[in-house]
Amino acid sequence: MASPKTSAPVAFSSLLSVIKGHFGEVVLAHRSDFGDDTIVVQRERWLDVLRFLKDAPSLAFNYLVDLTCVDYFGQEPRFEMVVHLLAFESGKRLRVKARIPEEDATIASLVPLWRSANWLEREVYDMFGIRFAGHPDLRRILMYDEFEGYPLRKDYPLKKSQPRVPLLSPEREEEEEI
Amino acid sequence: MDTEKSLSPSAEVDILEPTETRRMRVNVGPSHPAMHGVIQIVVEVEGETIVYSDTNFGYLHRGFEKECENHTYQLCIPYTDRLNYVSPLINNEGFCLAVEKFFGVDVPERCKYIRTMLSELSRISDHQTCIGAAAMELGAFTPFLYLMKGRELIYRILEEVTGHRLTINYMRPGGLAANLPEGFFEHLRDIIPVIREVTSETDKLLTKNRIFIDRTRNVGAISKEDALSFSYSGPCLRACGVAYDVRKAFPYSAYDRVDFEVPVGSTGDTLDRYLVRMGEMEQSVRIIEQCMRQIPDGPVSVNDPRVILPPKQEVYHTIEGLVNHFKLVYEGIRPPKGEVYQMVEGGNGELGYYIVSDGTGRPYRVRVRPPCFMIVSSMDFMIKGAMMADIVPVFGSLNMIAGEMER
Amino acid sequence: MAGPSSYMFVAAILFLIGAVGVVVRRDLIVILMAVEIMLNAVNLQFLAFARQLGQSEGQVFVFMVMVVAAAEAAIGLAFVLLLYRTRKTINVDNINLMRG
Amino acid sequence: MGLNIDYEHLNQELKDTLQKARPAPPSGFVMAKLDEAIGWARKYSIFQYPFVTACCGMEFMSVAVSHYDIDRFGAGMPRFTPRQADVLFVVGTINHKQAPILKRVYEQMCEPKWVIAFGACASSGGFYDNYTTVRGADKIIPVDIYIPGCPPRPEAVLDGLIMLQAQIQQEGYMNKRKALRKQGLKELHGQP
Amino acid sequence: MQVAFFWLFSALAVGCALGVVLKKNPVVSAVFLMGSMFALACLFLLLDAHFIAVIQVLVYAGAVMVLFGFIIMILNLPQEELPPLTLGVTRAWGVAFGAVALLFLAGKFFPTKEGFMPTPQEFGDVRFIAGPLFKEYALAFELTSLVLLVGVVGAVLLAKRKA
Amino acid sequence: MWIDLLIVTCKVLFMFLFVLGIAGLLTWVERKQSAILQDRIGANRASIFGVRMIGLFHPIADALKLFTKEDFVPLHGHRVLFMLSPALAIVPALMTFAVIPFGDNVHVLGREVSLRVSDINAGVVLVFAISSLSAYGITLAGWASDNRYSLLGALRGAAQMFSYEVVLGLSVVGILLVYGTLDLNEIVRAQGGYWLGFIPRWGVFVQPVGFLLYFTAAFAETKRMPFDLPEGESEIVAGYFTEYSGMKYAAFLFSEFCEMVLVAGLSATLFFGGWQLPVDVARGLAFPLVGVVHLSGSWVALLQVLTFCLKVVAFLWLLMQIRWTLPRFRYDQVMALCWKVLLPLVLLNIAVTAAAVLAVKG
């Protein structure tokens, strides 16, 4: 595997047409503001699209850079999964997104494609409460098991803490809360 | 220290399943000398061989991302210092580059060189800490102190520039907080030989040390394919033989104008990771020397009222300047609506910032791509079948920085 | 003055304790230990007689016994380990088959 | 600076507080000398338990190197088992996930024991004020010395250590100290 | 003096041996066995067999017992797995036999007052043992080395074998 | 009778003071030596009445503090064995010094007195017999603590000490073959004099391989840095003494230092001429201006004791230097080193030595 940029990157438009040629209308939206190419895909085809992006020889987005989620509180659908990909051969980067509604906060897991998705998805589950279908070991990772709620959701208050041990001098605590 | 037999939040494992001899379950961490205080590896050993392990962390989760959503862009910078606290300048740089990407501003040349130079100094201190700590955990206390001595000199010069030793808060979107102080280059010229000397002393103590080699060679080896599947980056990936370096592949600041090599290993074991780091320290010194030669004079910040505070002269004497200052401080800089991803080469690899802006003075969402998160996620994979004592060098060479990993 | 008979008496008691231990205990390791006690009782006897007769043969035999005892302990314990691996027990009551 | 602080008064107040907190000096020459000797020994033989979590750990390393050398004060020996440690250095942010472990480690330490809160986060939570952080280690365990700074400079750490040494010298013999701590805990928990 | 020491160490040896058999925890048994070995070594000293005494400590206390301890800890059995003493039919026979033998001993072998015959000066010396060991009993000596070799190989084979 | 008793008491007292003193001092030396190696100053603040004495009071402070520290016994551990094992660790280490000679026999009060506590003619074997007992201390300590780190440490310690004892014992066989005796004083006496007029007849020149093997094995027995797996700080926290506090912990520390002194003393005795002076005092000391000075017997004895102490100190320094330079082995590496490298070498050494002795002596 050579260092990136050995072959010319695929143009964004041809990439879109390749995806369209394979899946039909799976890309809901696309833009490339600030130099970052972005596509939004259907949630139901999430795993298929990413598998195609990874395996198709002309694309070969074989490196999972990052996987995260954004909570657009008040919009519908509420959550947006964001995955950053890198094609190692060509040095092309791509951002893939999918919208997830609050009432059915599930999406397919990417663990079959990349092993690093394991912990990343656990983190998203921990922070946003999104469930990943097919994840081998979905449990909290940064927070403790007793923690209730999902701290990075916009409706979780910044300062609402859930202590595991009784804190000393509770009266002082109250004083500070004011 | 039977720390938290009952507290263990880990998964339940049936230890009564038929085995050859009785398995023993040992808690390594979270408050354990080799675990930097913040990671817990529950291992099950048969004799000394690890048959099962489960890595738990989050003991330093400080809510970085949530805090950022509640602060203006400038106020996020101190929080970025404390992500990878061993090389805070690189974290600053990544965040500033990401915000600059929103505005499309191009910082002055001098600023680029200073950023490059200071980033490389931070990288040296990062690698020194990593190697030193790993050596200390193997029992070699003396190399650790030698390296820390070298790091101390870097801290002093950084303090000269930025006013603080460690948590620096020096870079700003659109430039720097201040220009370089007088006598900076003389001082830098003085310490470079010392840094080289410290490195070579460590080299003598470790690289040819038979015990050190025995402890690290073929320990925690990972193949190219596995490493990529785990989204490795940085020295750990390069130790596997993949010459991927953000500084070369996607140059930022002044990296496209300096000449440096990317040290690459072959087997991806602990020894290779150590050697790659040693090589990178040498390359960093080379970059610094080139920057010292090439750096131009001039301002260190762009003259753009959207991102940079106006000069004090204008604030005191013109109403536009005063209003501009007030708005920048009170409301913060307001990038356009949208989202960016910007990566830099951190001490551990690709450090990316994904920022979503809703057009207000506070970021809607800040996500950090922590390089060591992915690297540490391979811990269980790497130590399976290894010996109990191998946890220490493997974990040390992965250079987990909890602030970055757990944010 | 403690003479040969005193030593014989002590050695006999030790031997007896060892023998009863072998019969009474169920833990294989402890049984091995009891065997060691018996061997030692014999050693004491040997030495007492050697001293009485002023000959070196008694001491030589003690030497041999020790060697055999050490080898016995090593083999015995290796056997215990193997047994535990196959049977998950070292209780002699549960080990009543030579095979399987 | 324009601040008008009555340092005289503050100092007097501090002295009074210390006087109140301090156990009565032992009666009798021999006991007093014994007390003093034990205080002396304890202050120059500090085995530390580094409870290192975060950024402050970097400066904690710096304190050990040749430029600062904490070993000069007899505190250079880290013991990673709480049983053998005298001083618990809480270095870095404590979050709610970490809190029970810190408490456990503190409880595992043998008397006499002291706690140093190293850095802003351990002292007060620092600028992390959110759902996950504990606002200072003293919310969980009693703390003797607070070292400010984010992270504190090594000089500040050494200063804190010297203050702790002075405090150790002042304190009395073990049993008395134990009683004092029990009483203090009772006050803190508000129950026997 | 000698008599006092003799009875002291004898009592120690017997007491520790009883401890081995009666204590239910195998580690404690091992410690008692070590005590018993040590007391026996002292008895050997009283018999002027210095060399054998030292070897006794070296081989038994130093090596064999550590091996026992090692194995016990490796297995690390929970205590309740092995009830210490149970009296089945055969065991009852064993105890009965022991009691009878003890009575017999007390009657027949009770120690008399007479002492040892005078022994040669060099009785406990290494040379005194080495002579016959390497001359008359050379074959036996070599055979024991064979036994040891077989022991080593056998132990390794047994322990390494996968069940 | 009472004079004999007095002499024995004096010897025992001297031996105790020597070992305890040196071991106590070693804690200070360790700190200072590491400080020098690491470009630091090291402990120097403890002062009595304003006198600092380059940190010499720090060991006193440590001892006093550990005395007054709370004594902890784990709830589920084995109480008696937990209390017993520190003693089991320290007593053998102290006992072995009984047979190490500090000097040649001297005439005191009309009788010949050997400068060692006990005259046992199987001295070498006794040393190994007793020191092999110290494995109990750590094994039982680890087991009785009811702690998994401790148990792992105990297992490692038992296996390691057990294995290296074999090499340790066999490595000295070469020396025994050469000098034909088990008596340490005899061995030292045989090392007097010179070859070619300037090479001292030290054991190390006859048994260089034997010395290296002995030193390695003995180092492993002290459980110090490259071999400190039983307490391997970064892996199993503090190994077998994880649960110990206060004086019991101090006992373990102390036994480690005592073992160091023992290793140094035995190395000096067996391989470096023990109390033999580097110059031939029997012929008198020739000074350039003063001329030949003949020394009386007691002066010679004093010089011999001093020489022995100096040799011990030199070895201790070497041990310290190694400890602060090398990283730690892994468990299987330690075992492989013992059984696959040292053991064949030591057997070869015995065979070669035996052949050579046979050839020379006929």
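First chain written, first letter: the chains are A, B, C, D, E and F, and each begins at residue 1.
Here, a residue touches a chain if its C-beta (ideal position, glycine included) is under 8 Å from a C-beta of that chain, and two chains touch if they have at least 3 such contacts.
Computed from a predicted model, the values in this text were never measured in an experiment.
In summary, the chains found to touch both subunit A and subunit D are B.
When each chain is reduced to the average of its Cα atoms, A sits farthest from subunit F.
Centroids of subunit D and subunit E (each the mean of its C-alpha atoms) stand 54 Å apart. With each centre defined as the average position of its C-alpha atoms, the distance from subunit E to subunit F rounds to 29 Å. Between the CA-based centres of subunit B and subunit E the separation comes to 62 Å, rounded to the whole angstrom.
Rounded to whole angstrom, the centroid-to-centroid distance between subunit C and subunit F, based on C-alpha atoms, equals 34 Å.
Counting partner chains per residue, subunit B shows two or more touched chains at residues 1, 20-21, 24, 32-33, 58, 61, 63, 66-67, 145, 149.
Counting partner chains per residue, subunit C has residues 81, 84-85 touching two or more of them. Among the residues of subunit D, those touching two or more other chains are numbered 65-66, 80-81, 83, 97, 100, 130-133. Residues 1-10, 12-14, 16-21, 23-27, 29-30, 32-34, 36-37, 40, 43-44, 47-48, 50-54, 56-57, 59-60, 62-64, 66-75, 77-82, 84-86, 89-91 of subunit C touch subunit E in their complex.
Considering their complex, residues 37-38, 40-45, 65-66, 69, 71-74, 76, 79-81, 83-84, 86, 110-112, 173-174 of subunit D touch subunit F. Every residue of subunit F that touches subunit D in the complex is listed here, in rising order: 31, 35, 38-46, 48, 57-58, 60-66, 68-72, 233-234, 237-238, 241-246, 249. Residues of subunit B that touch subunit F in their complex: 1-2, 24-27, 32-34, 45, 48, 135-142, 145-146, 149, 205-206, 209, 211-212, 214-215, 387-392.
In the complex of the two chains, the subunit F residues touching subunit B come out as 34, 37-40, 146-149, 151-152, 156, 225-226, 228-229, 232-237, 242-243, 324-333.
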